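So the structure is just underneath, and the comments pick up after that.
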Amino acid sequence: MTTIGIADTTFARTNMAKHAISELKRNASIRIKRYTVPGIKDLPVACKKLIEEHSCNIVMAFGMPGADPKDKICAHEASQGIITAQLMTNTHIIEVFVHEDEAPSDREFTALAENRAREHALNVTKLLFKPDQLEKEAGTGQRQGYQDAGPARP
Amino acid sequence: MTTIGIADTTFARTNMAKHAISELKRNASIRIKRYTVPGIKDLPVACKKLIEEHSCNIVMAFGMPGADPKDKICAHEASQGIITAQLMTNTHIIEVFVHEDEAPSDREFTALAENRAREHALNVTKLLFKPDQLEKEAGTGQRQGYQDAGPARP
Amino acid sequence: MTTIGIADTTFARTNMAKHAISELKRNASIRIKRYTVPGIKDLPVACKKLIEEHSCNIVMAFGMPGADPKDKICAHEASQGIITAQLMTNTHIIEVFVHEDEAPSDREFTALAENRAREHALNVTKLLFKPDQLEKEAGTGQRQGYQDAGPARP
Amino acid sequence: MTTIGIADTTFARTNMAKHAISELKRNASIRIKRYTVPGIKDLPVACKKLIEEHSCNIVMAFGMPGADPKDKICAHEASQGIITAQLMTNTHIIEVFVHEDEAPSDREFTALAENRAREHALNVTKLLFKPDQLEKEAGTGQRQGYQDAGPARP
Amino acid sequence: MTTIGIADTTFARTNMAKHAISELKRNASIRIKRYTVPGIKDLPVACKKLIEEHSCNIVMAFGMPGADPKDKICAHEASQGIITAQLMTNTHIIEVFVHEDEAPSDREFTALAENRAREHALNVTKLLFKPDQLEKEAGTGQRQGYQDAGPARP
């Protein structure tokens, strides 16, 4: 059975993983392996361990960088590490980061985080089971959490 | 038969891959393997999988970073990953990125994207089949999508 | 017996490792291996050696970047190296950095450094012995050294 | 016989490689293997292939980043890749980049590019055949393409 | 016998390596292997070769980045490469960089460079022969070339 790794943090201010897991289970028969770490920079090795020690076929990595420049640099470092982990394992790790300054209020922020988590969960099921669906959407301006940008009109 | 990998995203707002594939097929007898992922940061591992799991001889990676500083950083992270993937596989991955702020209107943007995709497709065929042609063009100020800069006049 | 590596620097202006070690010993029966290096950029290889040559099961890396832009870049380079070291060893290295400009006075700075060291020591014991506790705290806005941000209110 | 790899781009606006090759041949009995790629980000893997697939003992990598911030980032990514390629092969790759904004006119630019290419070609021959000569010049403020800075006067 | 690698550049404007070697020899019975390269970005592979091809037990890397933003980026790239080289070899490389804009005059600059070189040479002997001494200095605000910052007063 396909196993999907879920890596997230105690630093984040909403439980994005919960929404992603519910969406994943609604769409496919899969097993979930969850791994919570303190902060965003702990995610890369957690993802790699999910792949190599817990046999995950794909991983979702949830993070919530703060608005401070220092936090932006942490997010950048985590992202580079997540890309390297993918290259070392030939396995996708779908990064789901929501930046604290992406929404003006807690209410809008939690809605954005939930939507992004759910939409990326759908991306994960497509990568695993419906790659043709992704190819159909190529170049169509898909966004996760926001309204789609849509294709550019020539 | 030579296989060319084509990695692209659902985030992009035009189907650059389509133009590149048409140009590639017009210029050489090759096989295409396409792999669409959600976003630009998913491209590095997709390219590496095209090379190692789908036996591609070369890969084109199409991405369309947004105008926001956050998007610029994503593009930078993806580029570093694409370079690392090349070094891990000793295989070229031709990066074809068009930044959303490179053109003032949708119309000019889609034209730029198509031209860049087609011109880089020609670069791919040269790398594969006509390396001498590239050597002849060395230092001549070639550009993809824009008018060539041409050689500097001493 | 579980061995926890402790890497720190002579550059730092407080002995954070001392507080972390006291907290670790109070919470679990573990062995400590300490490794002090001159500066923050010497930490990545020290951590890797603690893991590979001293059989540490997890490592804490303590650093105290200065306020100068040059120092910020050093911290960034060290962080990238620490992430790479984790990926090369499949082992967590919990980074505990306190930036010199995070507190207005020496007194507040030393208190912040001690608190962060102790709280991250607790994270280490959770990663080793109580992963379920971390999962319970997922998305709850935990902070180390500062007051917790808490969960976002939907 | 010693083989020197020459990697360059069609993006560059002068044929720096030509000058370097002439300088190399004038100073030593060596074989040249040239490899032209489209742009600066294609250089790292080209260099690695020159070393691993064409048995080059050392490589020169010629690039000409534009003045736009985007181009500066490309140059940075290429440089990181070139350093990584060296670490993966234990082989020197001498980076010869001339930034478009380093000279006020085409005439001065082409002169700068030729001089830098020739002076770095001499560095390559020293690294290969006269390492003692480099040691004699250690700390003497050598520059390539510009007038030497010279040693600091205590 | 312990071998210490010394990597430096012809770009630098003072012979820092000379001072470090004198300090190293005064403090321990060691062998020196020196390797001079043109610029700061050539240091990472030189250090790795000193470790892997010349059996050095530790390496010192001397560089002198210019004041221009371009030079700052070169220094950053070199530093990342030096950290990677350490992780690939499990061997310390002590980076001794002096930035051209760290001192107002040539006279103060050469003094700073000599002091930093000598103090880092002492760090090298401690890492090799007196690790307990480094642990005693942990968190005491040591600086190399400048006056020590000293410990923060709680």
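All chains are identified by letter, namely A, B, C, D and E, in their written order; residue positions are counted from 1 within each chain.
Operating definition for what follows: a contact is a pair of C-beta atoms (placed from the backbone, for glycine too) under 8 Å apart; a residue touches a chain by one contact, two chains touch by 3 or more.
Note that the structure is predicted; figures quoted are calculated from it, not measured.
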item	value
Any chain that touches subunit E and subunit B	D
Fewest hops from subunit C to subunit D - one hop per pair of touching chains	2
Distance between the centres, which are taken as Cα means, of subunit D and subunit B, whole angstrom	25
Multi-chain contact residues (two or more partners), subunit B	80, 84
Category of the chain touch graph - line, ring, star, complete, other	ring
Ring topology as an ordered chain list, initiated at subunit B and continued via subunit D	B, D, E, C, A
Subunit C residues within the subunit E interface of the complex	8-18, 34-38, 41-42, 44-46, 48-49, 52-53, 64, 70, 73-74, 77-78, 80-81, 84-85, 88, 106-107, 109-111, 113
Touch list for subunit C against partner subunit A, complex	72, 76, 79-80, 82-84, 86-87, 90-95, 99, 120, 123, 127, 131, 134-135, 137-144, 149-154
